[in-house]
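Next come two complexes, and both contain chain A; in the first it sits with chain B, in the second with chain C.
== the complex of A and B ==
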C-alpha cells in the first residue's frame, strides 16, 4: 500500500476507534446512533479507498451497500424507534466512567500485546490492525456493560463495523455475493433487533434489560 | 448444483412467502406445510443416499451436501416433517385457547419455512463465509418463533437468544476471517471439501490457525449450547412453541455443531488432531457436568429437556473429540438424540395442554391420564437417559469406553456426571409417571397430535435395534 493510502486509512480507522470510545462515554441514545452512523460512514470510506486502489467494481458496490445500509438505513431505523417507541433518552452502564476508561485501557493492552503481534504477518499494517481490533474489543466491552437494549444493539452493530474495518486489512479476496450476504444479514439483524426493542418496551415498560427477570432460576 | 439440491433450497423459500402471502384460512398454510415437509424429506433422503453412489461434485462449489451435511439434512427434514404435521393441531389449540390470533398462524408457517431454509443452507454450505451467513440466518429466522407467544418470558428468552448468539457469532466471524485470510494467502479455496483440506498440511501458520479456531469455537459452541455459554438455551427452548423447541433442540444444535466440525477439519489438517480434539473434550465434559446439576434440580419439564440437550451435545462433542469409532458413535448419538428430543418436546406440548402447567410438580399419573402421550414421553425419557434397549445406550457406551481408554480421569468425571443426570431424570420420572392421575377424562386419540410422536418413537426404537446398511455407510462416511 502506498503511504498516502495508509495515511487516509489511518484517519478513517482512528475515527472508527474513537467512535467506540465516545460511545462508551455517551449516555444519550441519540448520540449513540449518531456515532454509529459516523462509524459506518468511516468504514464505507475505508472500503472506498481500498476499491480505488484495487480498481474493483465489486468493492465499490459493497462500499456503497455499506454506506446505504449501515450509514443511512439502520441509523434511520434506530432514530425512528427512538422517536416512536416510548424509549428513554439515555441508557445506563454497569461501569462508572473511571471503570470504563480502565476497561478500555485493558482492551487496548490486550490487543497491542497479544493480538497484533500474532497477526503481524497477516495484516497489511499492524498500526491499522491495532486500531480496528481495539475498536472491535472496545465495542464488545460496550455490549457487555450497557443495560439498555437499544444501546446493546448499537454496540453489537459497532462490533460488526470494527470487524469490517479489520477485514479490509487482511486483503482477503472473497466473492462479492458473500460480502453482500453479510451486509444483508446485518441489515435484517438490525430490523429484527429493533422490533424486539419495541416489544421489550411494550412488555416491560423500559429498555433496561436488567428488569427482565421472568426466567431467573 | 443438482436439481434436487436446487429444489430443496427453493421449496422452503416458496413455502415461506406463500404461507405469509396467501390470505386464505389457515388451512392453506397447514396443508402446504405438510406437503412441503414431505417433499423436503424425500429430497433429503435422495440427496443423502446419492452421496453413497459416489457421484462426483465440484469441491469448490458453494453448496455441496457431503455425507456429514447430508446426515444433518436428513435429521432436519425428519424433524421438520413431524413438526409441521404436529403444528396444525398444536396451533389450532393455541388459537382456540386464545393464546394467539388466527392470523398469527400464517406468520408461524412463514417463519418455520424460513428457519428450515437457513438450516438447509448451513448443512450444504461448502464455503467458510457462507456457512457463517447461514448460521447467523438461523438466528434471525428463529428469533420471532421463540417470541411467538408474545409474552414477557418469551420476549426475554428471544432477546437473550439474539444478543448472546449474535455477539458470539461475530467473534466466530473474526476467527473465520483469520482462517480464511490464511487459506486465501496460501492460494487455496475457502472450501471444506476433503480434497482441498488435504492440501493444507504445513501451508498455514499454526499459531494463527489456533487463535482462529478458538474464536470460531467460542462462536459456534455458544450457538450449539455448550457450557458455559449455554445460558440462552434453556430459556429459548422452554419458551418457544413446542414444534420450534423440537427443531431448536434436535436440528439447530446439530447445525451449529456442524459449524465446529467443519472448522475442526481445517484445524486438524493444519495442526494435527490434538488441538481441536482437546477443545471439544473440555467443552464436552463441562457441558455434561453443568447440565447434570441442572437436570437434578430442575422444576419445569421443558427446561429439563433443554438441559438434557446440553448434556447430549456435550457427549457428542466428547465422541467427536476422541475420533475413530467414538466419532461414528457420536454421529449416531446425534441422530438418536434428535429423534428422542423432538418426540419429547412434541409430547410436552400435549402435556402442557392437558395440565396447563410446565411445572413437573403439577404433572402426576401421566401413564394413566394420557394413554398415548404418557408412554411415548416415558420411552423418550428412557432414551435420553441412555438406557437399553435404545440406541443411545450403545452410542453412549461406545463414547465412554473410548474416553476411558484415552483419558481415564475424564472418563470417571463423565460417568459421575452422567449418573447424576440419570438420577435426576429418575427422580422427575417417578413424580411424573407414577403418581395419581388428575381424575379428568383420559386423553383421546388425535391423529395430528399423536402421529408425529408415534412416527418418531417408532424410528427411535427401530433404529436403536437395527440400523439400515445405507445409514451405517452414511454415518461412517460422515465421521471420516
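== the complex of A and C ==
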C-alpha cells in the first residue's frame, strides 16, 4: 500500500474508532444511531479506497451496498423504531462515565500491548490494526455495558463494522457475492431485530434488560 | 546583557501584575455578554463587572463580631495569590516573569492555597451557609486538583519540563500521538477549569439560592471592599486559567504573528474562543446535582490519565 492510501485509511479507521468512543459517552438513542451511520459510512469509504487501488468493480459495488444498507437503511429502520415512541429517548449504562473511560483505557492498552505485537506478521500497518481492533473491543464493551435493547443492537452492529474494517485491513477478502450476502444478512438481521424489539416493547412495556430481569422473577 | 534581561523581566513582571487584574473583569463581562446573546437577551455592558467593583469599593463594610482575623485577611491573601499566579504564566510569547521560581506544582499549590483560605473565611464567620459552602468547595476541590494536575502532566511529560514557560514554548511542536494527547488533556483541563472557577455545571456564579450555592455561600458574609477583592480575585483566577489553557493547550500561532502586539492579538482571540466555549456550556447545560459532580470530575481525571498514557507511548 502506498503512503497516501495508508494515510487516508488511517483517517477513516480513526473515525471508526472515535465513533465507538463517542457512542460510549452518548446517552441518546438518536445519537447512537447517527454515530452508527457515520461509522458505516467510514467503513464503506475504506472499502472504496481499497476498490480504487485494486481497480475492482465488484469491490466498488460492495462499498456502495454497505453504504446503502448500513449507512442509510439500517439507521432508518432503527430511527423508525424510535419514532414509534415506545422506546425511551436515552439508554442507561451499567458504568458511570469515568468507569467507561477507564474500561476504554484498559481495552486499548490490551490491544496495544498484547494483540498488535502478536499480529505483527499478519497486519500491513500496526497503526491501522490497532485502531480497528480497539474499535472492535470497545464495541464489545458497549454491548456488555448498555442496558437497553436498542443500544445493544447498535453495539452489535458496531462490532460488525469494526470486524469488517479489521478484516479489510488484514487483506482477507472473499468473493464479492459472499460479501453481498453478508450485507444482506445484516439488513435482514436488522429487520428481524427491530421487529423483535417492537414486540418486546409492546408486550413488556420496556426494553431495559434490568426491568425485564425483574419480570422473570 | 544581564542587566538588560533583568530590566526586561522587571518590566514584564510589572506589566503582568497590572494587566491581568485589569483585564480579568472584562473577561467576565465578555462571558456574561456572550451568554446574554446566546439566551436571546440584551444583557449588561461588558464593563459592568468594573462598575460592580467600583460600587463595592465605595460601599460600607460590615464585619461579623464572631469572625476572627482570618476573615479579615483572607480576601487579601486570595487576591495576592492571584497576582502571584499572574506572574507565573507566560504571556506574549515571552517567558513568565517568575519562570524558574516555580513550576506547575507551585501553580496548583497556590491555587489550592487560595481555595483553602476562601473555605476558611467561609467557616470563620460561623454562618450556616458559609460552612455549607466551604464543605462543598473542599469536596469539589479535592477532586478538581487531580483533574488539573493530570491535565498538566501529559504536557509536562511531552515537553520534558514542569516549567510553565517551557511547556508553553514546546507544546506547539507536538505531532502525532503527542497532539492527540494534548487535545484529550485539553478536554480534562476544560472540565477542571469550570469546576475550579465555580462555573456551570458545577456551580451557578449568579445564584444565591441556598440549595445550589457553593462559591457564593463562602463569601456571603463579606461586604464592601473585602467582597470586591473576593469578586476580583475570582475574576483573576478565571482569566488566569483561560490564559494557561490557551498557552498550554492551544499553542499554535499563525506565521504572520511575529511581533508582540500581533501575538497578543492572536492570544486575545484564542482567549475569546475559550470565553465562547464557557458561555456556550453555561447556556446549554443545566447545573448538575451535587452527587453527580464526582462523575464529571473523575472523567476529567480519567481524560488526563488517558492523555498521560498516550504521551508515554
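Rule of thumb we're sticking to: the second predicted complex is superposed on the first by the 211 of 217 C-alpha atoms of A that agree within 3 Å, B and C clash if a C-alpha of one lies under 4 Å from a C-alpha of the other, contacts with A are read in each partner's own complex, and residues count from 1 in each chain.
By definition in this document, a residue touches a chain if its C-beta (ideal position, glycine included) is under 8 Å from a C-beta of that chain, and two chains touch if they have at least 3 such contacts.
Being a predicted model, the structure only gives us computed values, none of them experimental.
A.B. asks: Do chain B and chain C fit side by side on chain A in the superposed arrangement, or is it a clash?
C.D. replies: fit
A.B. asks: Return the chain, chain B or chain C, that is in touch with more residues of chain A.
C.D. replies: On the superposition, B touches more of the residues of chain A.
A.B. asks: What is the contact status of A:136 with respect to chain B (first) and chain C (second): first, second, both, or neither?
C.D. replies: So A:136 only meets chain B here.
A.B. asks: Go through the superposed model and pick first if A:112 touches only chain B, second if only chain C, both, or neither.
C.D. replies: second
A.B. asks: Could you say whether A:101 touches chain B, chain C, both of them, or neither, answering first, second, both or neither?
C.D. replies: In the superposition, A:101 contacts chain C only.
A.B. asks: In the combined three-chain superposition, what is the angle centred on chain A between chain B and chain C, taking C-alpha centres, to the nearest 10 degrees?
C.D. replies: Here the answer is 140 degrees.
A.B. asks: Report for A:159: first if it touches chain B alone, second if chain C alone, otherwise both or neither.
C.D. replies: A:159 sits against chain B, while chain C stays out of touch.
A.B. asks: Touching A:193, do we find chain B (first), chain C (second), both, or neither?
C.D. replies: The answer is first: A:193 touches chain B but not chain C.
A.B. asks: Pick out the closest CA atoms of chain B and chain C after fitting on chain A and give their distance in Å.
C.D. replies: Superposition on chain A places chain B and chain C at a least C-alpha distance of 25 Å.
A.B. asks: Jot down the residues of chain A that show up as touching in both complexes, chain B in one and chain C in the other.
C.D. replies: Touching chain B in the first complex and chain C in the second, no residue of chain A appears in both lists.
A.B. asks: Quick check: in the complex, which residue numbers of chain A touch chain C?
C.D. replies: Interface residues on the chain A side: 96-98, 101-102, 104-105, 109, 112.
A.B. asks: Chain A touches which residues of chain B in the complex?
C.D. replies: Per the touch definition, chain B meets chain A at residues 62, 127, 129-130, 132-133, 136-137, 139-140, 143-144, 147, 150-153, 155-160, 162-163, 166-167, 170-171, 173-174, 177-178, 180-182, 184-185, 190, 205, 207-208, 211, 234-235, 238-239, 294, 303.
A.B. asks: What part of chain C is in contact with chain A in the complex they form?
C.D. replies: Residue positions touching the partner: 295-296, 298-299, 301-303, 305-306, 309, 313.
A.B. asks: Can you name the residues of chain A that touch chain B in the complex?
C.D. replies: Going by the criterion above, the answer is residues 118-119, 121-122, 136, 140, 143, 149, 152, 156, 159-160, 163, 166-167, 170-175, 178, 181-182, 185, 188-189, 192-193, 195-196, 199-200, 203-204, 209, 212, 214-215, 217.
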